[in-house]
Every structure is written in structure tokens, then in C-alpha cells.
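Each chain carries a letter (A, B, C, D and E) given by its place in the written order, and its residues are counted from 1.
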Amino acid sequence: MDNLLTLLIDGLNYASWLFIVALGLTLVFGVLKILNIAHGSFYALGAYAAASFVGWAASMKFAPWLSLVAMLLAAVTVAVAIAPVIERGLLRFFYGRDEVLLVLVTYALFLVMEDLTKLIWGANPYFVSEPYGLFGSVDLGRMSYVGYDFALVGLAVVSGLATWWALNRTRQGKIVLAVIHSAEMASSMGINVSRVYTLAFGAGVFLAAVAGAFTAPMISVQPWVSVGVVVLSFAVVIIGGLGSIEGAAIGALLVGLARSVAVHVAPSSELFVIYAVMAIVLVFRPEGLFQRIQARKI
Amino acid sequence: MKAILEANGVGRRFGAVVVASDINVKVGPGERVGLIGSNGAGKTTFVNMITGYLKPDEGQIKLAGTDITRMNPRVISALGVARSFQIPQLFGDLSVIDNMLVALACDASRSGFLRPARDPLAVDRAEELLRRFHLHHHRSRRVGELPGGVRKLLDIAMALTARPKLLLLDEPTSAVAADEKFQMMETIMSALKEDPDSPVLFVEHDMEIIERHATRVIAFYSGRIIADDAPQAALAQDDVRRYVTGELATE
Amino acid sequence: MLSIEGIHVSIQSAAVLRGLSMTIPDRTMVGLVGRNGAGKTTLMRSLMGHLRPSQGRMLFNGCDLSTLASHERARLGIGYMQEDRGLVPELTVEENILLPVWASRTLSASERLAFVYGILPEIKEMRHRRALLLSGGQQKLVALGRALAVGTRLLLLDEPFEGVAPALSKRLAEVILKLKASDLSIFISQSDLNHSRRIVDLEYTIERGANIGSVQP
Amino acid sequence: QETFKIGIVTYLSGQAAESFGIPAANGAKVLVEAFNRGAAPSPYNKPGFGGLKIEAVYVDEAGGATKQVQELRALYDREKVDAVVGYIGSGDCLAIAPVAEELKRFLILHDCGTPRIFEDNKLSYVFRTASHATMDNVALARYLKARSFKVESLNLINQDYAWGHDSKADFISAMAKFYPAAKVGQNLLPKFGAGQYGTEISALMSRPADVTQTSLWGGDLQALILQSAPRGLFKRTQLVISAGDHVLPVLGERMPDGVILGARGAYGQLAPKSPLNDWWNDVYSKTFNSPPLHAPYRMAQALMGLKLAVEKAMAGNGGKKPSPEQLAAALRGSEWDSPGGRIRMAVAQGQQGIQDTAIARTRYDATRKMVVLEDVVRFPAECVNPPSGTTAEEWIKAGFPGAKGCP
Amino acid sequence: MNTTINANASRQAPAFLSPRVLAYAVGTFALLAVAGFHAPTWLTYLITMAAGNALVSIGIVGLMRGGVVSFGQGMFFAAGGYGAALLFTHFGWTDALVLSIAGGGVALLLALPFAPLLARYRGIFFATLTLALSMVTYGVLMKVPELGGSDGFSVGRPTLLGERLDGASGSYRLYLLTIAFAFGMGLLAKVNFDSPNGLVTLAARDNELRVEYLGTSVRRLMGVNFLLAAFCGGVGGALVVISLGHVEPGFSYWTTSGEFVFVAILAGYRSVPAVFVASVMLEIVRSFSSAYFPNTWQLALGLFLLLIIRFLPRGIGSLWNREERK
């Protein structure tokens, strides 16, 4: 019983972290049809910016809870500073091209950003562990958890719901759908397509940066944090069905639980259990759990 | 007379929308059947069910006696059923001639790895068909750039490469310039002269074409057949005049 | 209302329109006739800003369209019905119609919906169905409805009767005739002469991207 | 002036750059510069390598073993380097060692840990100027025994690649010698660069053990410590780290007290006092504002060994630039002093070095604002390194035959 | 009827390996063989590796023509590599030629059970399922001690026609062998691309529905292409391992597969020689930038890739395949 609870909590914690990252990925794919490898780089940027911001907040002797605000601000800053530049200066030229080609474009972007990050922040690690203690710790039987981890679960739920609501329940969301379907048609309808693209991409970058910023307190922020994250969130997004928020949530839970079972029960399978889950899901649901409805062709 | 195409009690629904109900049709050799009906009446659905794209919920479809109800489009095509599409289904990235060559290469007897697809025999046959459809001067243009009407023609030309036993055309003349419509139907019909027994079913909204080229008319309304008769007779029926040609006001 | 002065448009270095000129006066219905590939769709797309003329001008009420971005043109009250319908499959019929209304700052959704449903009651019956399930002709209707929703000044209809059953196409012609009584100008492209001749005030014929004539039936 | 060109290969990008690759490259930079000026203390005070000006090219080790094989060939054939010094990753070492051997070119592996390089291959152009991972794990086990820890159960967490696997195996078998009754509980192998250890920490906590061993390093080690400290893992188990000194300055007060760790040699705070070490600390700290740790130390001992070998070979061949064979002959079986103590190329036919090491416990010193290492136990090289002619595994299994001078 | 026959007679021989293509191929091969003899060994080695890798990418190009891209080709690369290496170390097969073909065979065997499954997938899902499979393979390779676990193992020098391929002349002969494979398989690929199957594959990329309606099974086509790609991958893997002398699980890691895709995209799917050119280019850019900008080589590589994609969207093959560029 105790073990089962541990398993579930670990799975949930891991899942919510993954979900926040995957959310932005699935959003950007949904709108811009780009499976963005550089998403991990935005995550890393978020983490770096948070490290700088929180470090600064600490040096100003602000109240500790303000570091949460600092992290949020860091994510906003990244989104505002980076997203328009990349979307307008780079991605714009590749819209409508082959999905796989776009994967490569973002792969190139990832390579570039990796080195740029290093040029800006250097190779030394940053630590911002102060916020990690903000929510105290929670004792459950023999186990002790950090409250911050549960706060992340909350953050995941909130951002998931907010994104889902914005996309499915608002006019803006429906306008986004129109743009996804055909940019030319949408602009004929008076929709400012390029603004929709920029905003959607900005939202994606923001979500990645939020994930990075709120992960920063748990890790040492240093080059290459981007790499592991992005493959994992790929798996999540694909299990769930590309572009689907519900799917990403379930995908993240599946991956989180599978991983937690693997680590507890058969640690040596941890490496491929995630991919095995992904392969199994794809075998039975070739387009992931939540497939996009196909328009009638004939 | 032996029926080439036979549909018995075919029905299909999508959720609450009934798109075909109790369709019974028998088509014999050499018939030219015009399918008419209001928009959303179920004409395309009918064609889709014959060609295996949609599976009926009930009923049975037979091709020359063989039950094809549960077969998929590829198998049905291989049995000799060819079709064109309301929205042309082409290979947009290839040239016009390559589109034809693909159609020829798909002919089961001709596929293979170690022969050129563009061998002279195939190219000649493709060009001959293109010429017949007046597409020859578009020969090496990328299909994605063609205007709508030309795409339509090419779509039909591709359907005719395999010399079908049964031909289904979904709105062959829509989007084709008015003065070319008749000529186009002539072209199609003459292309079929080699196989005079193959029946043709074509969806059409232009009653002049129906009158000129159909030997029989089937009219659809709301998933049902409301008339199945010789053209003159069918077009004279009240339901047809009301729901299809609009000569009678509704209600 | 709209005047097109000698525009040249190329697509991927192929000249498609070569010096096309025409005027669409206020409150008239103008037809555009030409064979397949003559350039009708190209003209419409140029008007909507998806293609840029290399020469010539397009003036809408004296305002040079080329100074406006594509999405700003709809806001002038231009409704465009694409040749290939262009509905958003995931959205319902009603949402599709409302799309341009949402994007505009001035139009009122309920008013425009009432207007469209008043003219095309057929649509009202299927307003909660998703666009992806409609038949070709049904989609055509919805696309027309959508153009009507936003086109308060000018309607650009690219082959609206194509693939529409005669009963409905008669109805459409009536609808369009009715509209003529209002403030609207209507520009209809046709490759089929039969339908429009009877209803247009002025008809231009183009061939290979250039005017070859205009008649006033 | 004639030059001696060295290719220096360490991680300049990726996960391992910050903690190892870049400090190692930095170490090489200050040292090469000092050598060229003749500014190093005796016996390293001849300018350059015996008068040859040293020119170094730096190559990134990131990108996988296959890429490294290609880069190594390019270094020798295209860049015409006279020697290559480098390789932190054990996987890379295993892949490139046979290549240098085949090309008959001179190669020094300066840091990688896997004992298998010379166990699996017979090599005569390839050297490793430092002890391999066996030393670190045997020393940790001996430390636990020497300090009379009670160990009935054991948890392990190591990265899933050569270094992690070898460390795990050596530590388990070494512990089995000293604590035959100890049971292994969790034996986790997270991916290299995993970054998130919440689940692993739960797993470690759900089966509490007396001792938890890890050979994680760099960012992974930092993340593990940061994430487990607030959950109180280290209050319930004794943590032992085989390569841990490099995280102390960055973690500072976040490093829990009482952790047992080694530095893969007597490096940094553990280094024995010597004029050479003082000089080294001084030049390095001045240039980079932080004291040298494990990675630059290992680079230094490699370059010093190389310098002496070049000079010895030149003495033998009349002052010409030595051939790879001459260089190899000069380095084989030689010994020299390094900032971290004496290096002796004593095993694997004189191709593999051994050195003394030390293990200690951490304590955060609030007044000096740094983690100090105390309760140091030093282990002479022969005590913790397998002698020539046996493999690490056999040696440990047989109960460390021939181990000398153990405390 | 007569007219058609006349038209036939007057027409040139079909495109099936036209003498022109054959002459180009043989000429270039001879040129490379001579050049390789005089070139520095790092260069011949680089070309050897590039050619081996290019074979894998040729397989991907074959898939790309059908609209799917495998992000898991590393799996077959690894299969060929491990296969050849194991045959060498455990079964005493030493002949490089035999090993290469055997490597292809091993990959083909591995692909067989997956072909019917993968034939159902398209687009990004094909890419990711292949990626998942190759990552599972990676995980398995990491965990099997008999295969050297995470470090893989080293392989000795093979023989060719009874002679050991030692030293510089051995490397040269390996180079010859590898480029011979490259040319042979490249020509076969060209024949395949120009065959009815090749053309229909290209069509299926655009519109599968129509291909099915023309009576051809797209799944079968995709399955066959997948098997061919696996074979190419296996041969490439074996050749690379023979030259590299080492094999490791990283062969099956997704970044390895990513590089093969990288080359395929760089080349575009319209030209076979472009694949080899792209592969050599990648090796050169990577090798030089990691030597000359060790701290920013990723940046250099990334920018290079972006420039190519931006300005040669159909790959570098479009530089000389003008007719098809449009």
C-alpha cells in the first residue's frame, strides 16, 4: 500500500514536470505544425533566466516568496524576448513545408541556441535552490517529499486547464484552428495570421520557459539540460497524439508512471521503458491516444 | 441480362444522419447512368460505397456477381472498377505525364523494381491519353499549379488508364468551362468505345448533359433513391422536379 | 467601388495576369467569365492580397489595396468565397460563418447570423454539424454564407455555382439577385456562362490573363 | 623554432563540459603557457618540451565515440599532432585506444576511468597517466572499513555507461570482501544526464540502506544532491561518492555534512603539500579564479609526464623531435612527480599509471564559507590499485593479493 | 497501331541506367580511386566513413520518396554493425566484402517482422515509431553484456580476398571497397527510383488514396521500401564498423539516426549522388568546425544547416538536377 502510494506520487511528480514541458510542445505543433526540437532550448533559457532573476531577487533581499514571481517573470521575459525574433526571423520562412524538414530546422536552431546559451551564461552551473524549500516538506509514512514537487503538480494542472480552455472554449482558440487549417483562408476572413502565429509560438515558448524556470530550483542549471527534456516530451506528445492537450496529459501520466514503476521494480529497464510504452501505444493507436479528426477528402 | 453492378438494400448512417437507405440498383452492360440529386443527397456516398471507401451498414454490393461489400478500394479497383473524384485526387508534386505514368505503373502487371517506369511504351500510351483529353500541352507542368478544370480532366484521364469494367465519375464536368463540358463528355464516352460493355455511372448537376449522355437516371434525395428511370421520364417526376431541378417549388 | 487598373501578376515567375483592367461600380453585379486557367481565381486572390501585382493598381473606394495587408482587406467589408470552399473542418457550420465576424471589430455576431440564415435557411438546419462532414455542395453553401457574413460592401464569389444542384443554384441566383437590391456590389467568376448571364449587370471576359471584352446583357 | 604539437581532447560542450572538460582544457592552457615560458618549477623548467615550442589544439570530446575516432585520425593525419592527450569519457577511451595503436601514434588517456582499456587490449602506443576507477571504489570500501562503519545494507546509484557500470561492479565486489553479509538493496542505473531524480530518491528511501554509493558526477551529481537533501535522504543513509570533489565549490552549504567522498586521486584539498602543488594551485587559481580540482590535476599529471618523456627521448636521440616509438619507450614504466603526488607507470607493461589517493568526509565551514574535507585517510597506490598482470575484477575477487601499505 | 510502333522505334533507349549515367558513375569511381591513392589518409578515411553513412541515408531517401522518414535508421545501422562485428569476432568471418553483405542481411532480418507494422504509419508517426524502436534496441544493446554493454566492443582488421587489410594500403583498399559499395548500391537505388515502384512511391507521397484507387497497395510499397532501407542501413553499418574498428550502442541512439536524416534532407530526394556529396559535406563541416571552432562548432553546424534548408529547400541535389527544380 505504502509502496503503491510512493509509486503513484513519484509518477505524478515526474508526469507533471513532463507535462508542463510537453504542453508547449504540443501547442506549437498544433498551431504551427512544427515539432520543435528547440523546445528544450527554450526550457533551458527559462531555467537560466530564472537562475539570473532569482539570484538577483535574492541579492536584493526580497521576501522569499517573491522568487516565485521572479521565476514567472523570467519565463515571460524569455517568451517576449525570444519568441518574436525566432518566429518572425526564422520559422516564418518555413511554414507549410514538410513536417520532417521543420524538425530539422528546429534541430539546427537547437544547435545554435545551445552554443549561444553557453556564450551568454558560460559553462558554469547556476543554482537557485532557495525556492525549492518554500513549500516545506510533506511526510507520508516512511517517505518524505518536498512540498515544491506538489506545487509543480498544481502548476501543471493550472497551465494545462488554462491552455485547454483558451484553445477549445474561446473565440481566439477557434481562430487559431482556422489558421491551422489554412492561413490563406484565415487571412481572407480578416484574421491577422502572422499575429496568431507569433502569439501561439510565444505561448509555446512561454510554457517551455515556465517549465524550465520552475525546474531550475531542483537542478543545477548548465549546458545540455535541454537535450534530455526534449526527447522525453516528444515521447509524451506522441503518445498523447500530436497537438492534443488531453493527450499530452495522459501521455505524461503514462510515462511518469511507467518510469516510476521501472525505477522501483526493475531499475535496469528504466532506459527503454518510456520508448517501449511509446511503441506499444503507437502500435495500437497509430496516431497516438487522441487523434486529430481528418477532414473528408472525397 | 446479367447485372455488372448490383446494390441490394444498401444503407449507411453517420450518427443521426442517414446518408443512404435501402438503395437497390442494378446496372447492366453498356449502361450510361446519370446520378443526380440535391447537395448532400448521398451521390458521392453511393459512389464511395461501391468503391469500398465507405462500408455500408447494411445491404450488399456485387460486381459481376462477386460480393465486394467488404472489400477495400484497392481490391475493388484491381477488379476493374475505376473512378474519378469530385475534388480531383492527383499527385500534385509530379508532372502531368508522370501522373499518367503512375496510373499506368499501378497496373499490377507492370510493377517492378528493375525496369524503367518511363519506358517508351508507357510514355506513348500516357501521351496518347493526354492528347485525347487535350492535356498534351500541359504535359510537363507540375500538377499542383494547374487550374481547377484541367485538374478535373487529368483526374478522369487517370481513371481511364486501366480500361475499367465499371466506371464511376463524380461530377466530371463541374469546374470545367461551359463550352468544354460537352466536348469533355464526348471525349470520355469515346474513350470507352474500346470497352462498350463497361457501364458508366456519373454524378452530374447539369441536366443538359444528363439528357444528352445518360441512358438512365437515378435521382437521390436525402439518402434515398427517388427516381430511377429513363432520363426524360425521371426528369419529369415531381419529386425530381421539386428537389433536384428546382422546377417545382419546395412544399 | 472597385477599380482594377492594368494589373500584372505572376505566380512563380509565370505571368498569369497581364494588364487586366476592370471596374466594379457601386451596387452592381459584375460577372467574370473565362475558361479554365484564364486567371479568374488568380484575380480574386490578388484582390484578397495573397498575390502581389508587379504592376498596376487596385483601388477600393479610392484606397489602394496594395497598402493593406491581406487580413485588413476583409475588414473593409469584402467577403470572399473561395473556389475550394476552405471551411475549417473541426468547427461547426455556425462557427465557420462567425469566423470573419469574430475577427472584425465592428460586426455583431447575432445580427450577421440572422442575416445569413435569413437568406440561406438551408444552412440554419445544419448549423451545429461539423464542416468536415458536409458534402461538396453543402460546403459551397456554407462558404457563401461565410462570405455574406463579412461582405457588407463587396462580395467576391469564385465559381459559386460549381457543383451545386440545379434546384439550389436557382435559389442561389435568387439570393444573389435579392442582394443586389442592397448596398452590395458582387463580383462573380464563372466558367459556366449559363447561370450568371441572366443575373449580372456587366460581364467581363478574360483569356490568358487579359481582358478580351465586356458586355452589358 | 620547431614545435611539438599536442591535440587535447576534452568535453568542451555538453553535459560534461562544465565540470570536467573545460577545467581540464583550462589546466592544459595554463600549463602549456607556463612550460613554453619555462616558468614551471623544476624538473619541468626547461622551456617548451626540451626546447620545442608546445602548440596545443583543442578538440571537443562531445558527440560520441564514433565521432571521436574520426577526430583522432584527423588530429594525427591532418593536424599532424605529435601526441594526443585527453579523453574523459570511458566509452570514448575504449573506442579510440585501438585506433591510435593501429595508426602507431602516441596517445595519452588522461582521465577516463574504465579499468578495461589495458585489460582487453595489448597496447604499446597508448598510455593512461592516472589510476583507473578500481582505485576509487576499493579506497571507498577500505575507508568505510577503516572508520568501522556498520554496513548491513547497500544502495547504489550509478550512471548507465561504462564508468557507472564499472564503478558499481568494483564497489560491490570490494564491499563484499569487507562486509560479506551486506545486502545490496536498490541498484539504480539512471541515464547519463537524467537531471530529475525524484523517483530514484523515493526508491532509495523506500529501501533504506546503511550506505548509499554513487559514482554520479558533474551536473548529475549536483542534481541528485540538491534533490535528495531536502527530502532528508542523507540523514538516513551514509552517502559515499567516488568522484565528488568537483561539486564542493559549486554546492557550498548545500552539500550535506558527513558525506564520504574521493577525488579520484589526492587532488584539491586532498593533495599532499608540496612546492609543486603550491605552484600549481597558484597559477591555476590566479588565472581562473578558482582552485584546480580533479580534472585539471589529471591534465597536469599527463602533460608533465609527457614533457619528461619527450625530454628523455630527445636526450636519447640527439635532440631531435622523438618518434612515437621513442616517446612510448621513454614514457613506458617511467615515474614523475605531479601536483597530486607521484605517478608511476607501473602496471599493464608500464602503460598504465598508479597513484596514491585519499578519501575524506565533508563539513561545511560557515566561517570560511566553504566545504572542508576532514577525517582524511590516505591510501598508497599499491594498496588500492591492482598490480600488473591481473584484472581489477580478479584482484578484488581474490581479496586484493599483494596490496601493500594499507592504513 | 502502326504509328505507335514507329514512335517507339524512333525513341531513344529508356532511362534504365542510361549509358550516360553509367559512364558518369564509372568515370567518377575511377577518379575517386586514383585520387584516394594520393590523398592524405585522413581524407580517404573521412570519405570512407561518409560513404558508409551515405548508404544509410540512401535508404532514408528511398523512404522519403514515399513521404515517410525514419528517425530510427540507427537501429539497422547498428544491426549491420553488430552483425558484422560478431561474425568477425565469434565466427571468424573476416572477409570485408562478405561481412558487409552479411551486415545488410542481418539488418534485413531484423526489419522483416517490423515491416508490415511500420507500413501502416505515415509522417511524424512513422518517424517517431521508428525512433521508439531504435531506442528500445539501444536499451537492449546497452544491457547485454555479451555485446559489450554500454561500451560496445572493438573489432580487428578484416581481410579482403584473403589478404589482411593492414596499415595504409589496407585503409586504401577499405576505401575502395566502401566507395565501390556506394557506387553499386547508388546505381541500384537509381534504377529502383526510376522503376514503376519508384515512381508510384513518389506518387504515394502526394496522395495515397489515389494510389490505392489505382489498385496498388501503398502498405506493401512502404513495407518493401522499409526493407530496402534496412538493408542499405545494414551494409552501411557493417562498412563503417569495419573501418572504425569499434561498435557501440550509440549506433542505435536517436541522434545517430538524426544525422542520417540530416544528410538525406540536405541531399533532397531527387538525386542519388547528392546523398554522397551531402554526407561528405557533413563530415567535412563537422570535422573542421570541431577542430577550428571547438567551442562553437554546434553553432557553425546549425547555421550551415539552416542556410542549406533556407536556400536549397529541395536539397543540394537541386543544384544539378535543374530540370526537376522548377
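We adopt the following convention: a residue touches a chain if its C-beta (ideal position, glycine included) is under 8 Å from a C-beta of that chain, and two chains touch if they have at least 3 such contacts.
The shown structure was predicted, so the numbers you read here are calculated from the model rather than taken from an experiment.
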Statement: Joint neighbours (chain C and chain D) are A
Task: Name the chain whose C-alpha centroid is most distant from the C-alpha centroid of chain A.
output: B
Message: Roughly how far is chain B from chain C, centre to centre by C-alpha average, rounded to an integer in Å?
response: 29
Statement: Between chain A and chain D, the Cα-mean centres are separated in Å by 36
Task: Would you kindly tell me how far, in whole Å, the mean C-alpha position of chain D lies from that of chain B?
output: 75
Query: How many angstrom between the C-alpha centroids of chain E and chain A?
result: 34
Field: Residue list for chain A, restricted to those that touch at least two other chains
entry: 114-115, 118, 268, 271, 297-298
Query: chain E: which residues touch two or more other chains?
result: 142, 209, 295, 297-298, 326
- line: Residues of chain D that touch at least two other chains are 13, 160
- prompt: Looking at the whole structure, which two-chain pairs count as touching?
  reply: A-B, A-C, A-D, A-E, B-C, B-E, D-E
- prompt: In the complex formed with chain E, which residues of chain D make contact?
  reply: 12-13, 57-60, 63-67, 69-71, 73-79, 90-91, 94-95, 98-99, 102, 114, 116, 120-121, 160-162, 165
- request: Within their complex, state which residues of chain A touch chain E.
  value: 35, 90, 93-94, 97, 99-101, 103-105, 107-112, 114-116, 118-119, 231, 234-235, 238, 242, 268-269, 271-272, 275-276, 278-279, 282-283, 286-288, 297-298
Task: Within their complex, state which residues of chain A touch chain B.
output: 297-298
Task: Within their complex, state which residues of chain C touch chain A.
output: 45, 48-50, 69-75, 80, 82, 86, 88-91, 95, 99-100, 102-104, 130, 132-134, 146, 150
Query: In the complex of these two chains, what residues of chain B are touching chain A?
result: 44, 48, 53, 85-87, 89, 170
